[in-house]
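Same chain, two partners: chain A is paired with chain B first, then with chain C.
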Partner chain A sequence: MRRWGLLALAVALLAYPWLVAGTDSAAFLQDTGALVLLAAVGASAWNIVGGYAGQISVGHAIFFGAGAYLPLLVYQHWQWSPLFGVPLGVAVSLVIAVFIGFPTFRLVGHYFSMATIAVAELVRIIVGNWDFVGAAIGLQGPATARGWYDVIFRSSVPYYYIFLVALALVLLVTWRMQQSRLGYYLGAIRAGERAARSLGVPVRRYKLYALMLSAAFTSLAGSLYALKTGFIDPDSGLGILVSVQMIITAALGGAGTLFGPLLGAAILVPLQTATNTWLGGSGSGLTFIVYGGVIVFIARFEPGGLLEMWQRLRTARRGRRGEARHAA
Partner chain B sequence: MLLSAEKVAKHFGSFRAVAGADLAVEEGEIVGLIGPNGAGKSTFFNCIAGDTPPTSGRILFDGVDVTAAPAETHARLGIGRTFQVPATFADMTILDNVMVGAFLRHRQQGAARDRAFEVLELTGLKEQWRQRASSLGTPGRKRLEIARVLATGPRLMLLDEALAGLTPSEIQRAIELVRQIHALGVTLVIVEHIMEVILTLTRRVLVFNQGHVIASGRPQEVVEDPAVIEAYLGRGHARAARS
Partner chain C sequence: MILLQVIVGGLLLGAVYALLSAGLTLIWGMMNFINFAHGEFVMLGMYAALLALTWIGGGPAVFGPVAALALFLLGVLIYFGLIRGVMRGPMLAQILSTFGLALLLRYSAFFVFSPNFVTMPPTVLSGTLDIGGILVTVPQLVAGGVAAALTLGMHLLLTRTAIGSQLLAVAEDRSAAMLMGIRPDRMQALAWGLSAASAGIAGALWAISFPFSPAVGESFALIAFVVVTLGGFGSVPGAMLAGFLVGLIQALSGYLFEPIYKDVAVYGLFVALLWFRPQGLLGKTT
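Here is the complex of A and B:
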């Protein structure tokens, strides 16, 4: 049953660009699909440390930014293929994760979240004043493709499939993690650090593992974003909205669940593009309002996210059906 | 000597919660810690478990100095503990709770699961393994905590009021469980308020009052010690008991 659901999801995701190809707004729908997958990669990456380990980082824009900046940086300065910047971004993110993780993981709960905001804003301001990385203006990728290695496509479809591969990768790693000691230990840390420690869980070390894993994939999401848009500046790469979007996407679908972030992205991204087109919103102010609404909705009605709501409804229905069978 | 705590003291500011307590436990013993509320039992307990390092003094476990070591090191060396207020992982299933403990000595998921089921069988929680820990009542949670610790393969178990708040029949079952654990070769130190439990389970008790150990010995003798009666009931009662 579960396996069939998974297969259906995979087929649907693979076929999506082809399915919408015949419609009037094919290009728009394909582009939205690619954006959904990209948001899902970012939110799934955040989910490893924010969902599974329960450490609500609001500073993940740093890793996203590192991943986004480095491909364009190596192009701008040395005319390398942006692809070389992808592993560099991951490496830089891992180093940053260790540096941030050591001091901030001493803090618990809200204090940890606040510290991550502070560090992220600090990085954004520094980058915005640093000429080598484009300062406030930002960086640009190659205008036209010199070859395949510049990863520039006119259509969104190639990006869609690249993002799909990335999503499959992050979900596969997360799934493997869930089955391993790391996954169980992170769950224990989320549920209660003191009790986890008493059972032999080296809490800070495992939080750091989670952050490093999460940072690497967040960086990948940033790189993919930069490859597709070919442009990055402090706001789009390192702004607090970047972190907030990852959190809300994961929390809406279900933080700490495998497919929650994908579900959240599938709802939130179209909602965002729709509000922007309908209301002609050029300002990101409107996006904030949408996010605010979603936060209120999650906090008030469904703190576990939509996947948990779905699961609860399903067990309730199954329970009723069971009773009916008893009565018969 | 499996555990020896020498002149352990713990101060919070100017308040001396524990003012120099000694405890020596031989392998295979069951030792009880009793005393009125606020006597420093739990603080002393937390020092031994590595939860909070003592202000001064020394704690040796099987010859290794663990005075300043963190709680996870204690667990790895073989000291397991339960909490006064059960700290089970509420959203996890009962099996997963126990598996967290089992992962300490078993790297692979399959091995950890097997170990967890063994422990669940022993503690009588096997039937409920799919349920979330939050579905259990207090007795169930206390049992689950014991199961979780047992899965880490401890040589010494510290039970902090593991039987408090249980009904008489539940207490009987819990005493039975403690006996079974002891029969597995686990040494136990138990903090307990219920005299019945102390009298049936332990051969030796230490009585705490105001951060000091005021008496120690066989439980039947200790409960008649005037200093102990005074600590529990006040001065007048001690005189009455003596006469």
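Here is the complex of A and C:
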């Protein structure tokens, strides 16, 4: 049953650009599809440390920014293919992850959250004043493709499939992680750190592993974003709203579930595109009021997100049906 | 002489930081809860003061208490409407609740007040004093003095009064306090009210001298995190000492280097603290 559902999802995702190709707004729908997948990659990456390990990072923009800046930086200064910057971004993100995680994972969760927000702000200010990385103006990628290695396409469809591969990769790694020792340890840590420690789980080390894994994939999401848009500045790469986007996408669908972030992205990205089209520039402020409201609502009433709510409703209905059968 | 003037300015600023951080540390100490919307409370205090001044008139003696009262009510409301429900929930819910609240308040303020910077109309407090060659503006002097007095008052409230003992009793052991006839819900609501009110007054005091916009909340929240971490979580005297220190560091780094390093120095200090002394200056290891 579950296997068929997965297969249907995979087929639908693979066929999507081709299915909408015949409609009037094919380019728009394909572009939105690519953005949904990109948001899902970022949120799934956040989910590893925020959902599975239960360590709430509110500064994941640092990793996204590292991934977004380095491909354009190596192009700007040395005219290299932006692709070279992708592994560099991952490397920088890993260093930052250790830098934040090593001291704060000794302490309870709030310290980690505060440290992520402080380091993100610190990095944003420094980058915004550092000419080598474009300061407040930002960096630009190649204007026209010199070859395939510049990863520039006029249509959104190639990006769609690249993002799909990245999403498949992050979901596959997350799924393998769920069934490995790391996954069980993280579940124990999330349920209660002290209990996990008393059972012999090396809490600090495994939290750090989760953060590093998460940082690497977040950096990848940043690189993909930079490759597609060919432009990055401190706000779009390192602003707090980049982190907010990842958090809300994962939390809405279901933090700590495999497909929660994808579900969240499939709801939020079209919603945001729609409000921006209807309300114009003034809409973005409203979007974030709604985002804030949604985050508060989830935290207060549905910390498990939509997937868990759906599952609960389904078992409740099944339970009722079972009772009815007994009565008969 | 200029250096001395910078130091005095930094200390006066630090008193305001101490006041708003005392509010944050109160909640942390009582409930093990970090309020990510604390900076937004400061920002709302500024706008409450501005609205009170334009609608009611009068001076700081009017808009200060108005801002405090408005934020006190908001704090109590937020406790009953949101915090009480998430307190026993997972960590995710605790952190996301106030983080979402911060976004909600910040962008609602953008929407209502527009993102532009505004300045308070001039009040009775104006002019500059010359104290032995050191020039201090009257609004800054009043803000620093009032903030320091209120922080001290908060400390005395917690340590010398019956209400303070009840608050601390709930912080120490919720169920034991209940057996003593203290209602933890009321005490925690009071703590949220006091915390928000201290942020509100700090905002109002700050707004007399400096322009502000709905975006200022985030940097105040970060400053409060630094001060509270430096002073040790839950310690009001620690927050006071650390507030002065952070104000001083900010003023000196802005003066000796460039203004943009003001925040870099403070956030850098925070990161360094987490590495080397996470329990703060006066805090106990737990």
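Rule of thumb we're sticking to: the second predicted complex is superposed on the first by the 322 of 328 C-alpha atoms of A that agree within 3 Å, B and C clash if a C-alpha of one lies under 4 Å from a C-alpha of the other, contacts with A are read in each partner's own complex, and residues count from 1 in each chain.
Quick note on the criterion: contacts are C-beta pairs under 8 Å (C-beta built on N, C-alpha and C of every residue); 3 or more make two chains touch, one makes a residue touch a chain.
What you see is a predicted model; the values in this text were computed from it and never measured.
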Which of chain B and chain C A:G22 touches, first, second, both or neither: neither
Partner chain(s) touched by A:I289 [first = chain B, second = chain C, both, neither]: second
Contacts of A:S198 with chain B and chain C, given as first, second, both or neither: first
Which of chain B and chain C A:A188 touches, first, second, both or neither: first
Greater chain A contact set [chain C / chain B]: C
First (chain B), second (chain C), both or neither touched by A:Q179: first
Partner chain in contact with A:P303 - chain B first, chain C second, else both or neither: second
Which of chain B and chain C A:N129 touches, first, second, both or neither: second
Touching partner for A:G147 - first (chain B), second (chain C), both, neither: neither
Contact residues common to both interfaces of chain A (with chain B and with chain C): none
Residue ranges of chain B in contact with chain A within the complex: 49, 51, 70-72, 74-76, 80-81, 83, 87-92, 96, 99-101, 103-104, 107, 109, 112, 148-149, 152
Residues of chain C that touch chain A when the two form their complex: 34, 36, 82, 85-86, 89-97, 99-108, 110-111, 218-219, 222, 225-226, 229, 260, 263-264, 267-268, 270-271, 274-275, 278
Partner chain C, residues of chain A touching it in the complex: 50-51, 54, 56, 58, 103-104, 106-107, 109-111, 113-115, 117-119, 121-122, 125-126, 129, 190, 240, 244, 247, 251, 255, 285-286, 288-289, 291-301, 303
Touching residues (chain side chain A, partner chain B) in the complex: 179-181, 184-185, 187-188, 191-192, 194-203
